[in-house]
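Chain nomenclature is as follows: A, B, C, D, E, F, G and H, assigned in order of appearance, with residue numbering initiated at 1 for each chain independently.
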Amino acid sequence: MNIIKHDTDRERRCGIPEVVLGERKSIENLLDVIKNFLDNSGRVIITRIGQKTTKAILDLLENDENFKEKYRTEYNSRGAALVIKSKDFVRQKTGYKIGILTAGTSDIRIAEEAKTILKELGCEAVVDYDVGVAGIHRLFPALEPMKDVSSVIVIAGMEGTLPGVVAGLVDVPVIGVPSSVGYGIGSGGRAALFTMLASCTPVAVVNIDNGYGAAVLAYQIARVKK
Amino acid sequence: MNIIKHDTDRERRCGIPEVVLGERKSIENLLDVIKNFLDNSGRVIITRIGQKTTKAILDLLENDENFKEKYRTEYNSRGAALVIKSKDFVRQKTGYKIGILTAGTSDIRIAEEAKTILKELGCEAVVDYDVGVAGIHRLFPALEPMKDVSSVIVIAGMEGTLPGVVAGLVDVPVIGVPSSVGYGIGSGGRAALFTMLASCTPVAVVNIDNGYGAAVLAYQIARVKK
Amino acid sequence: MNIIKHDTDRERRCGIPEVVLGERKSIENLLDVIKNFLDNSGRVIITRIGQKTTKAILDLLENDENFKEKYRTEYNSRGAALVIKSKDFVRQKTGYKIGILTAGTSDIRIAEEAKTILKELGCEAVVDYDVGVAGIHRLFPALEPMKDVSSVIVIAGMEGTLPGVVAGLVDVPVIGVPSSVGYGIGSGGRAALFTMLASCTPVAVVNIDNGYGAAVLAYQIARVKK
Amino acid sequence: MNIIKHDTDRERRCGIPEVVLGERKSIENLLDVIKNFLDNSGRVIITRIGQKTTKAILDLLENDENFKEKYRTEYNSRGAALVIKSKDFVRQKTGYKIGILTAGTSDIRIAEEAKTILKELGCEAVVDYDVGVAGIHRLFPALEPMKDVSSVIVIAGMEGTLPGVVAGLVDVPVIGVPSSVGYGIGSGGRAALFTMLASCTPVAVVNIDNGYGAAVLAYQIARVKK
Amino acid sequence: MNIIKHDTDRERRCGIPEVVLGERKSIENLLDVIKNFLDNSGRVIITRIGQKTTKAILDLLENDENFKEKYRTEYNSRGAALVIKSKDFVRQKTGYKIGILTAGTSDIRIAEEAKTILKELGCEAVVDYDVGVAGIHRLFPALEPMKDVSSVIVIAGMEGTLPGVVAGLVDVPVIGVPSSVGYGIGSGGRAALFTMLASCTPVAVVNIDNGYGAAVLAYQIARVKK
Amino acid sequence: MNIIKHDTDRERRCGIPEVVLGERKSIENLLDVIKNFLDNSGRVIITRIGQKTTKAILDLLENDENFKEKYRTEYNSRGAALVIKSKDFVRQKTGYKIGILTAGTSDIRIAEEAKTILKELGCEAVVDYDVGVAGIHRLFPALEPMKDVSSVIVIAGMEGTLPGVVAGLVDVPVIGVPSSVGYGIGSGGRAALFTMLASCTPVAVVNIDNGYGAAVLAYQIARVKK
Amino acid sequence: MNIIKHDTDRERRCGIPEVVLGERKSIENLLDVIKNFLDNSGRVIITRIGQKTTKAILDLLENDENFKEKYRTEYNSRGAALVIKSKDFVRQKTGYKIGILTAGTSDIRIAEEAKTILKELGCEAVVDYDVGVAGIHRLFPALEPMKDVSSVIVIAGMEGTLPGVVAGLVDVPVIGVPSSVGYGIGSGGRAALFTMLASCTPVAVVNIDNGYGAAVLAYQIARVKK
Amino acid sequence: MNIIKHDTDRERRCGIPEVVLGERKSIENLLDVIKNFLDNSGRVIITRIGQKTTKAILDLLENDENFKEKYRTEYNSRGAALVIKSKDFVRQKTGYKIGILTAGTSDIRIAEEAKTILKELGCEAVVDYDVGVAGIHRLFPALEPMKDVSSVIVIAGMEGTLPGVVAGLVDVPVIGVPSSVGYGIGSGGRAALFTMLASCTPVAVVNIDNGYGAAVLAYQIARVKK
């Protein structure tokens, strides 16, 4: 029984390549998925895969001469995402620029997931990590190089204030990503999520830790017909 | 003591006029706010004001000859929003088109709030209410006239499925607004909110019943520099 | 002290064999349970037992010549369920057909639990896994071979939309099983559970991850007197 | 703008007539809905409408000679549901029998909603209200006359134990409806809902106070092809 | 039976006069309490009493010549607090100055409660209401006149960001009071509460709407021995 | 159809007379219940009935000469409970003594419910209301007259500390009743409930506002066979 | 610095020996506690200690000749509790008998904790484990030998129905202990807790998994003065 | 890319040195942070770092001769905090005294975090751990040596009663820190948090386990200008 259904039509319909959620999938299952995707579209993007699983898969694949001849791998050392492509896969450049900010260093894993997706969608990410809120003066220089982005992805855990503050300072849409990093009442990301939703200055909120969703929304915003 | 601080600078900074939340404000308080705004910017937009308070305020204002000479009022019969403008206030047309869909007839109040804000921002709203999910075939004709919108605002209560379904069918950003309409586990809007956040196809989510925020995001998306 | 009370009467009363919850039971405890059940009814069904415990138990039992002579084992490689029967145990065929659908590949463990129970109840399961919602067009071919089932079990995590969508397309009862797979607001299965309960099109909902309960309900529905 | 979309196709597709949720709809809105439904299918069923609104609508309609000539009304004194039909509307009898039990007298409103829907679907309801759990001996005589029902709808508030207890005693599917009646930890129906979901003996659970959904499921179970 | 126990000793022990919670007390009950307190300490402070109850009580008392001869009343037009004192009651001046800020005009009721308590404790309140967060530039002029306060009470509803922002700008303790004003995920004050607790810059948080507690803490901070 | 099933057997089985929950029952429904109980056992006890409903029922009954000849009524001015008995009903005295304490004056309604039930069970209640926790020194004199009670019922809202404190001071069982009185995080009684459950010194906890349950437990404890 | 304060006075005041919570304490810390208690009262009772920690401590102590000469140890193989006593410690017999029931075999760890505490308090426990609710007929024989107990401790996880059912059948107090065993909506014990609190038949509820608290309450109930 | 932004200005602005949250940071990341801080301010304070990570970092650093020549390390054996300073770093003494109390021995880790921060801020901590609430008489001797502190930090898990009790006995501000230690309804610290917030006697509450925030608030209170 073949249980993986690659939605090749989706890319045509929505313009977004399907992405595989690595979490809670076994290595065997992931290898099947990789093969299936590479055969169908020449590229596979796996998020939330973890450093250990990434390493195990790469060890297996890169010892396979056949594989190495045809494909190349790109991965993120923080385990945020793994991308495998046939050597002749060409990524269309879009010219879109998108900003990514994080409130703390622990949110970077989510930021890197967003960045990888944006790259695969042909966009350029302008990033600045750890701008915090405790020292709001750190925010202004971080926004400087983002003058011509079409939107800003802002990732924050604990009390999740940063996206609302940024939204009060810029004139492009702000996409808020609550991060599950934190402790006490801030653990798991719910406090950050609720803050972003209740923000006086409108923020486009996505699920906790959902770097992928933020990237896709940013891409959709950038390509809005003009 | 003057306790209302009209943020006139905000319009310049973010391009979005400040909007007054009518809920839990007394009629006296609202009349002060109205005067303050009209003096400063020639327009005041009040949301979540309710039919009874709207009527009371209009009764007071429209019996005042001075007022009637200088200002005109626009309001929504469902109590979604009240707009008062000096007669010479000119609304810039932007040419932006934005779609608005609701899952049920009870969600229309939120939709009308979004529509009023969009209108005041110079945008055109293409609306279709009560497309449901129980009969998904009703969705396709509703999307037809939205072919050239820059985003779609989708409002849904109870289980809040509609935004995710729409997001799987269109290539522009979908802004999901959970509605507090519903009963049992669906009352208050949390079930709808969580569904939209957890949706497989990315949705830009705003607070429960937040038609205003959805409109502002839609406007920001439409004007993204090209 | 004998602390396991095999409810042999239950099978007669409700027509459903008692099933053992493997979770949080020690191997010693499970071996006692297995012996007790095999002595009383010639069959034991253990769910939520995990691959490691399953393996440990099978290693012990299959090295026992006495055991191997009298009993045979059936288990699911995903650890969903373990069935042990005396060699002369005969499973009555009922001729009932039941559909099983999952939204994602991670929900398959729950589906396999339901499938094992249905098999032990003498039913045939028509399965299709990973039909998703992001690509709703994948749903129609999956429903094709289910034309003569008496109900459909639909398993979905994250936002749990699939059961409600299926219920709008078929005329048999849909049994919704929320799956705990997911992250952020979707982790633990509550978002999926609430979506299924609040669904506009009625769904018969069972506990998160409860493949067993779904199978029993499907069986009860199929055998309704005519 | 016509904002009510009567899903006439749904009846054909799923065999279930569309039902209108009366809650939070204005009298004007409901009159539009009624007209629309009567014109299209000759019948309208409105649930969760309340005694006051029912009375207001009946007062208006029954003073209209035209209306009285063509239509007849049926309503429930507890405000559970209002049914209006053209005089020549013929309800198909199905011969299906379904049981309805409530734990307390306060749950009867929900039971009556289910009963009205079942009647409109051509089914017969065998009811027994207030069987409690405090005195479990009251349960057995209540189950006596339900010997040939195809399923039992069990409605319970507070701790919601009754459906699980009934499910341990009968061999047909039990549909559990948590009721929002109760106080303290039992108010709003969540405690009852969680009890039914976590029940050891499988129960098909629907949303809190959802008599309509329970009735539709019971009907779907009864008509399962044989 | 005398059921009110005036804790006269408390004032001596902790230096804080006992305050009566007016909410859910009948007018009869409140009149008993007032008499009891005036007899024992010459002053009674009632919070959360509401405009209607305040008016009813004042109407009764001020028509009583005996009462008017001996006592004077002070109340807040927003129903935040009612104070009654014997004419010879002398409030000690402490010379302490405390700042009070609110994020929105709807939070003023809580601010006024805090201000009344501070006044009765002999402190001076420096207040600025409606400084918002959407326009953070409004915050700096509001902080100017607070240069010599010993702490700042900051009241905010919805997402409750303001206290954390203020705490990053001043060097005195910030006392955060979540306000129950808001809608959707921000209603009831939990989102604001969690934001303040999870704030990166430490905030001393009190219960939702607890203007009284904030005032007492501010007073205790001001009088810390030096 | 007779829908009220008086569980006359219960009194024999558990020794506790059945009690009617007045809340959400119509006056008509309550009159039926009263008649049914008086005919069967000569006494009816109705809790959570409210002052308005109590008054309406008493007005009806006491204008009925037949009724007045045969029955007498006892009710609590706070609407906590209504008791109606035939004139020849004799309440057995048990000699049991039980203590009742409340933390605040707003908790008295619950205390009076418990007291009425205890009286009907033939017990004597030793009560002291408003002992607070803010002034723990008020507790000791309140406990003095409770030296020979068999248990203490302690009712507290807000943070619900009192039962745990009392349990550390006495050697009889303490029954904790969380009260729904309070505001902010303390509203609805959950904070008080969780405090009592998590108390280091064991407390027997019942549902929020459940004075009836506390009284029955106290009675069961008092009559434990010796 | 000596940080352990043995509350020797407590035993005198409340008649209950202090018990040590083993959870999250290091082995070093526990050895200090043990020494402190043995020196002061000749006995130490440690609950929630786990099998691994118990073994580590026993290995250390039983290799110490000095220790073995003076003390003896009693522990529960399920890690429920560890008791160490000087050899001449004499446990007073009280003659009290208390019943303990569990709904499932996974709840036995909690039951054993209660049983150990009761034994140390000089009581006799009459136990029956795994009586379930799915088969209520298993309950009656389990209650037979409990005819002369002074209360019944009933432990149940998942939906926690058993204590309420037992309370409807016996005339002594029932102490309900929710167990954290379960999955989905039943995991962590909240569903069981809420069921017990909302039970129609009064149950004395303690914290989730709190076998200790249940035992102390049962003891306090048994010794109520007569 | 340099992603760590040391907020050197913050110390000047608020008088509080920035502190690093060790949790979920890799050893490599922490070494970068340490270097960055030592270069900029001569001191780094890391909280919530854990014993294992602390040990790994110290092993690396102390084997580095260069490091040992210039810096000295101070750490807490419970993993509460790690401080590294250049040998010539001089900590200003403030003369401020602050009290720290814990309810149980498991809360000491949080207390030690607060104590380390206070020490680095030049304050003296007067500590007493394990004063409990079960035996309130243990509290009075613990408060004795705290007569001249400017505030008391009180840490409590489970039901979190202690801060409110202390606040009723002292005349300085009490800072309540809920601790995540506990089980059942008390696990994770929410019950303790809600108790402290709802306390009748005002308590300044910080996030669960937030020893750092409590220390900073205590320091800010102590230095209030006089």
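Keep in mind that, in the parts below, a residue touches a chain if its C-beta (ideal position, glycine included) is under 8 Å from a C-beta of that chain, and two chains touch if they have at least 3 such contacts.
Quick caveat, the model's predicted, so the values are computed rather than measured.
Q: Which neighbours do subunit C and subunit H have in common?
A: Neighbours common to subunit C and subunit H are A, G.
Q: Look at all chain centres (mean of CA atoms) and spot the one farthest from the centre of subunit A.
A: Result for max centroid distance from subunit A is chain F.
Q: Copies subunit D, subunit F: same or different interface, half of numbers shared as the threshold?
A: Here the answer is different, because the shared fraction of interface numbers falls below one half.
Q: Subunit B to subunit G: how many Å between their CA centres?
A: Distance between chain centres, rounded to whole Å: 58 Å.
Q: Just curious, how far off is subunit H from subunit F if you go by their C-alpha centres, in Å?
A: 46
Q: Using Cα averages as centroids, what's the distance between subunit A and subunit B in whole Å?
A: Centre separation, subunit A to subunit B: 30 Å.
Q: Quick check: what residues of subunit B touch more than one other chain, meaning two or more?
A: Residues 10, 132, 134-135, 168, 184-186, 190, 193, 197-198, 201, 207-208, 210.
Q: Quick one: which chain pairs are touching?
A: A-B, A-C, A-E, A-H, B-C, B-D, B-E, C-D, C-G, D-F, D-G, E-F, E-H, F-G, F-H, G-H
Q: Give every residue of subunit D touching subunit G within the complex, in rising order.
A: Those residues of subunit D that touch subunit G are 132-136, 158-161, 164-165, 168, 182, 184-186, 190-192, 194-201.
Q: Please name which positions on subunit D make contact with subunit B in the complex.
A: Spelled out, the residues of subunit D in touch with subunit B are 1, 3-5, 7, 9-10, 18, 21, 23-25, 29, 33, 48, 178, 180, 189-190, 193, 207-210.
Q: Can you name the residues of subunit E that touch subunit H in the complex?
A: It comes out as residues 13-15, 148, 150-151, 167-173, 175, 193, 197-198, 201-208, 210, 212-214, 216-217, 220-222, 224-226.
Q: Contact residues on subunit D for subunit F in the complex?
A: Per the touch definition, subunit D meets subunit F at residues 104-106, 108, 127, 129-132, 134-135, 137-138, 181, 183-186.
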